[in-house]
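What follows are several structures.
The following pair of complexes shares a single chain, chain A, combined with chain B in the former and chain C in the latter.
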Partner chain A sequence: MSIWIDSILQGILLGAIYALFAAGLSLVFGVMRLVNVAHGDFIVLAAFLALWLQKLFGFSTPFWTLLLLVPLMFVLGYVLQRAVINPALTENVLRPLLITFGLSIIVQNGLLQIFSADAQKLQGGSLEVVSFALPGGLALGAFPLLMLAISVAILGGLQSLMFHTRLGRALRATSDDIKTASLMGVRTPHLFSIASGLALATVAVAGVFSGIRASFIPTNGPDWLIFAFEAVIIGGLGSLWGTLAGGIILGVAQSIGAHFSPGWQLLTGHLVFLALLMLRPRGLFPRRTE
Partner chain B sequence: MNAPIQTPFHVNQSSRLSRISGWLSVAVVVVLATVPWWLGRGQVSVLMEFFYYLALAQLWNLLAGFSGIVSLGQQAFLGLGGYVLFFACTQMGLHPLVALLLAGLAGAVIALPSALAVFRLQGAYQAIGTWVIAEIFALIFLQVQVLGAGSGMSLPVSIARQVQIGSVRRDAVLYLIALLLGVLVMACSYALLRSRTGLALMAIRDNELSARTAGVNSQRIKLMVFVATSFGTALAGALIYLAKLRISPQAAFDINWTSYMMFIVIIGGIGTLEGPIVGTLVFFLLREYLSQLGGSYLILLGALAIVVMLFLPGGIWGTFATRLKVSLFPTQRWFIEDV
Partner chain C sequence: MSLLEVSHLNAFYGDMQALFDIDIAASHGEVIALIGANGAGKSTLIGSIAGTVGSKTGIITFDGEPIARLRPWDVVARGIAVVPEGRRLFPSLTVEENLLMGAYARHKEALPLKEIYAIFPQLERKRKNLSTALSGGEQHMVAIGRALISNPRLLMCDELSLGLAPVIVQDIYTILQRIRSLGLTMLIVEQNVSRALAFADRAYCLQEGRISLEGRTSEITHEQVSNAYFGLKAGA
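Coming up: the complex of A and B.
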C-alpha cells in the first residue's frame, strides 16, 4: 500500500517539474496558438546561462542567478517575438513552426559549440539532500517540495494575471478574436511580445530548477519539450491550472509505469496522454468551447 | 424561369510549359538512371540520399501541403520500415528487396490504428499527437530484445551482399531503387492531384466544411492519403537502413527526420510539387559545401529557415511561381471561355 502512495507522491513531484516546463508554453500556445518547438531548448539555454552567470559572479548558489536570468530571458523573449515570430504569425501555422524550428537548431548547436556535449549540473548545495520523513516509512525531499511550491506559484500567478488584470483581459481578448481585439485598440504585436517575454521568464526559473535537479546536455530540449506539450494539451488550451493538473497527471502516470518496469515510465506517460486525448480531444479544462 | 446564359468553356489542366517540363523530366530521369555507370561511388551515394530525401519530403508535402495533416511523427513509419526490414531479413530469411515491400506494407497496416488517434485531433494538437505516437513506437522497439533493444542491431554482411544483382554493384542497386522511389512518389502525387480525388483533397485543405457540404467524403480521402504516405515513408525507411546496415531506436525514430522533411518542403514551397525538388536541392547544396563547418553548418541551416520564412513566406519556388505565374507540374485547373 505505502509503495503505491510513494509512487503517487513521487509522481506529483515529478509532475510539478513538467508543469513548470509547460507554464510558458501554455501561455504562448493559449494566447497565439504558437507551436514553439524551441521551448525545450530555451529551458536548456537558461540552465547553461545560469551555470555561466554563477561562475562569472561567483554566486554561492545558482538561485542568485535568477535575479539576472529572469529579466534577461524576458528581454530575449520580447525581442525574438517582435523581430522574428510576429512577422510570420499568419493564418498559416507552418511558418512560425519552421521559424521556431530554426531557433531550436541555432540554440542547440550554439550551446554545443560553446559548452561542448559534456553533461553539466548546477549545484543546489545542502537543499538537495534534505528530506522530511512521513509516517509509513515515506520521505519527501525538500528540493522537490520547493519545486512543487514554485510551480504552483508560477502557474497560479499566470492564471491570476490572465483573469484579474487589464493585461490578461487584453491577452484573452486577442486569443479569442485577434481582429476585433486590434480594432478595440489592443496593440497585438506588443502584447504577443510581452506574452513571450513572460514565457521565457518562467523558462529561466524552469532552467535553474531542472539544472539543479539533474544533469543536462545541450540536446535535452526536445525530451523536455514533449512533456511540456503533453501537460499543456492534457490540461486544455488557455487554462493554466489545467496545465498544472496536466503535468501532475503525466508525472503520476510515469511514476506508476516506472513502478512496474523502468522501461515503462515514458511509455505509460505517452499512452495515458493519448488515451485522455481520445476521450477529451480538447483536454480536460479548456477555457472555452470553440 | 430563364435559363442562365452559358458561354461555352473548357477546363485546361496543362500548358505548353507543363508539357515541355513533363517530357524534359522523363529525359532527365533516363539520364539519371545511367549515373552509376559513369559517376564515382561517393557521388552515387549522395544522389541516393538526394532521392530518398526527395521522396520523404514529397510525402510530407502530400500530408501537410495538400491534405492539411501536419505530422511531426513521420519518423514513426520511417523507423518502423527500417526495423521490419531488419526483422524480415534476419529472422524470416527474406530477400532484402522483398523485405522492402513488406516494410512498406507494414507501414500501411500500422497507419490504420494510428489514424484512429491522429484523425481525432486537429491543428497543433494533431502535430504533437503524431510526435507522441512516434515516441511510443521508439519506446516499444527499445524493449524488443530480438531487435537489439536499446543498442540496436547490424545487418550481416551475407544479407547485404544479396542486394547485388548480377554485375550491378550493391550501391548502384540501392541508388536505382532510391531513384525509382523518388520518381514514383513524384509521378503518383502528380497523377493523384490532377485527378478528381486530388481536387477533393485540395478542397478539404482549403475549407473542410465547404468540401463536405459539396459531397466530399473528407475522412475517407484523408485516410487514403495517410495510409499511402505511410507506405511510402516506411519503404523509404527500409531503404535508408538497408543502405546504412545499422539501426537503433534513437536514430531511426529521431524527430530530426521529420524536421528535415519540414525544412525541405517549407523552404522549397509547400503545396507545390516543384517545391520539394527545390528544397532538396538547397538542402544538399548547403550540406555538400558547408558541412565541413560542423555545428556552424546547422546554425546556418536554422538561420536560413528563419530568413526564408520572413522574406519568402511561400518558400523559394512558391514565391517565384506566384510572381511569374509559372507551374512546371500544374495541379490547378484553368477555366477557359471559348470565344
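Coming up: the complex of A and C.
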C-alpha cells in the first residue's frame, strides 16, 4: 500500500517540474495561440547559462544566478518576440512555428558548440540530500518539495496576473480578438512581447531547477518540450491551473509506470496523455468561452 | 475648423481598391451618417480612420493633426472610439472587464464605470457575467459603453442596428440621442436609410467606394438616396 502512496507522492513532485516546464508554454499559447517549438531548448539554455553564471561570479549555489538569469531571459524573450516572431504572426500559422523550429536548432547547436555534448549538472548543495520522513517509511526530499512550491507559486502568480491585473485583462482581450484589442488601445506587438518575456522568465527558473534535479545535455530540449506540451494539453489550452494539474497527472502516470518497470515510465506518461486526449479532447479545464 | 477631415482618401485590400478619393468632414458636435449598400466601403472608411486599414493614401486629420499614419492604439488614444460591426465583445471577459478595456488607452481621460452604468443600468446588474451570456441588445450596450468609457471626442458606430429586433434598435437610438445631446461628434454607419436620415445632421452615401451623394439630411430626398444607393443616374 505505502509503496503506491510513495509512487503517487513522487509522481506529484515529478509533475511539479513538468508544470514548471509548461508554465511559459501555456502562457504563450493562451495569449497568442503560438506553440514555441524551441521552448524546451530555452530551458536547456537557461540551465547552461546558470552553470556559466555560477562559475563566472563564483556563487555558492545556483539559486543566486536566478537574480541575473530571470531578467536576462525576460529580455531575450521580449526581443525575440518583437524582432523575430511578431513579424511572422500572420494568418499563416506555419510561419511562426517554423521560426521557433529554427530557433530550436540554433540553440541546440550553439550549446553543443560552446559547451560540448558532455552532461553537466548544477550543484544544489545540501538541499539536494535533505529529506523529511513521513509515517509508513515514506520520505519527501526538501528539493522536490521546494520545486513543487515554486511551481505552484509561478503558475498561481501567472494566474493572478492574468485575472486580476490590467495587463492580464489586456492579454486575455488580445487573445480573444487581436484587432478589437488594438482598437481599444492595446499595443498588441508590445503585449505579445511582454508575454514571451514572462514565458522565458519562468523558463529561467525551470532551467535552474531542472539542472539541479538531474544532469543535462544540449539536446535535452525536445524531450522537455514534449513533457511541457503534454502538461498543457492535458490541463486544457490556455488554463494555467489546468497546466499545473496536467503536469502533476503526467508526473504521477510516469511514476506509477516506473513502479512496474523503469522502461515503462515514459510510455505510461504518453499513454495516459493519449487516453485523456481521447476522452477530453479540449483538456480538463478548457477556457470558459470556447 | 472641422474636428475630422478626410481628403483624397484611397484605401486598398491587397490589389483591390476599396475607397476612391473620399472627402468627408465632421464638425464639432455634428452627427454624420454613412449610408450605402453592402460592400460600398462604409466599414473600410471607418477602419481607415481608426487605423485598422493600413493600406491607404490621402490625408486624415483629427483636430488639425494628421492621423492617417497612426496605428489603431494611437488613434484611440487621441479620442476616437469605435463600436465595431458585430459588436466584437471579448468573449472570455466579463461585462465589466469589457467596459474597462475601452478605457485602456485613455486611463487619464476615461470616465468612471459608474457613469456608464448610469446610462445602462441593466449592465451593472450583469457586470460579473461573461459578455456572451447577455442578450443581443445588452451586448450592443456593452459595445457602446466600451466605446463611451474612453470619453471620446469622436464616436464611430458601425452597423448598430444589424441583427437587432426593431424595438431594441429603438432603445439603442434613444440612448444615442442622449449621448448626442452631450455634444459628442458621431460618425454612424447605418443600413436603415430612413433611420440614418432621421438621426443624423448630414449624410454621405457611398457607392462602390466613391461618394455618390452628400448633404444635410433635411435636404436629401428619398429619390436622391435611392439613385445614389443603387447607382442610377439622376433623372434616368
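Rule of thumb we're sticking to: the second predicted complex is superposed on the first by the 289 of 290 C-alpha atoms of A that agree within 3 Å, B and C clash if a C-alpha of one lies under 4 Å from a C-alpha of the other, contacts with A are read in each partner's own complex, and residues count from 1 in each chain.
Everything below uses one rule, namely that a residue touches a chain if its C-beta (ideal position, glycine included) is under 8 Å from a C-beta of that chain, and two chains touch if they have at least 3 such contacts.
Everything numeric here is computed off the predicted structure, so don't read it as measured data.
In the overlay built on the shared chain, the residue A:T180 is in contact with chain C alone; chain B does not reach it. More chain A residues lie in contact with B than with the other chain of the pair chain B and chain C. Contacts of A:G110 after superposition: chain B is touched, whereas chain C is not reached. By the touch criterion defined above, A:V35 lies against chain B but remains apart from chain C after alignment on the C-alpha atoms of chain A. By the touch criterion defined above, A:V75 reaches neither chain B nor chain C. The touching residues of chain C, counted against chain A in their complex, run 50-52, 71-73, 76-77, 82, 84, 88, 90-93, 97, 100-102, 104-106, 130, 132, 146, 150. Against chain C, in their complex, chain A makes its touches with residues 166, 169-170, 172-173, 175-177, 179-188, 287-290.
Those residues of chain B lying in contact with chain A across their complex are 64, 70, 116-117, 120-125, 127-129, 131-133, 135-136, 139-140, 142-143, 255, 259, 262-263, 266-267, 270, 295-296, 298-299, 301-306, 309-310, 313.
Interface residues of chain A, counted against chain B in their complex, comprise 29, 33, 35, 84, 87-88, 90, 92-95, 97-99, 101-106, 108-110, 112-113, 222, 226, 229-230, 233, 263, 266-267, 270-271, 273-274, 277-278, 281.
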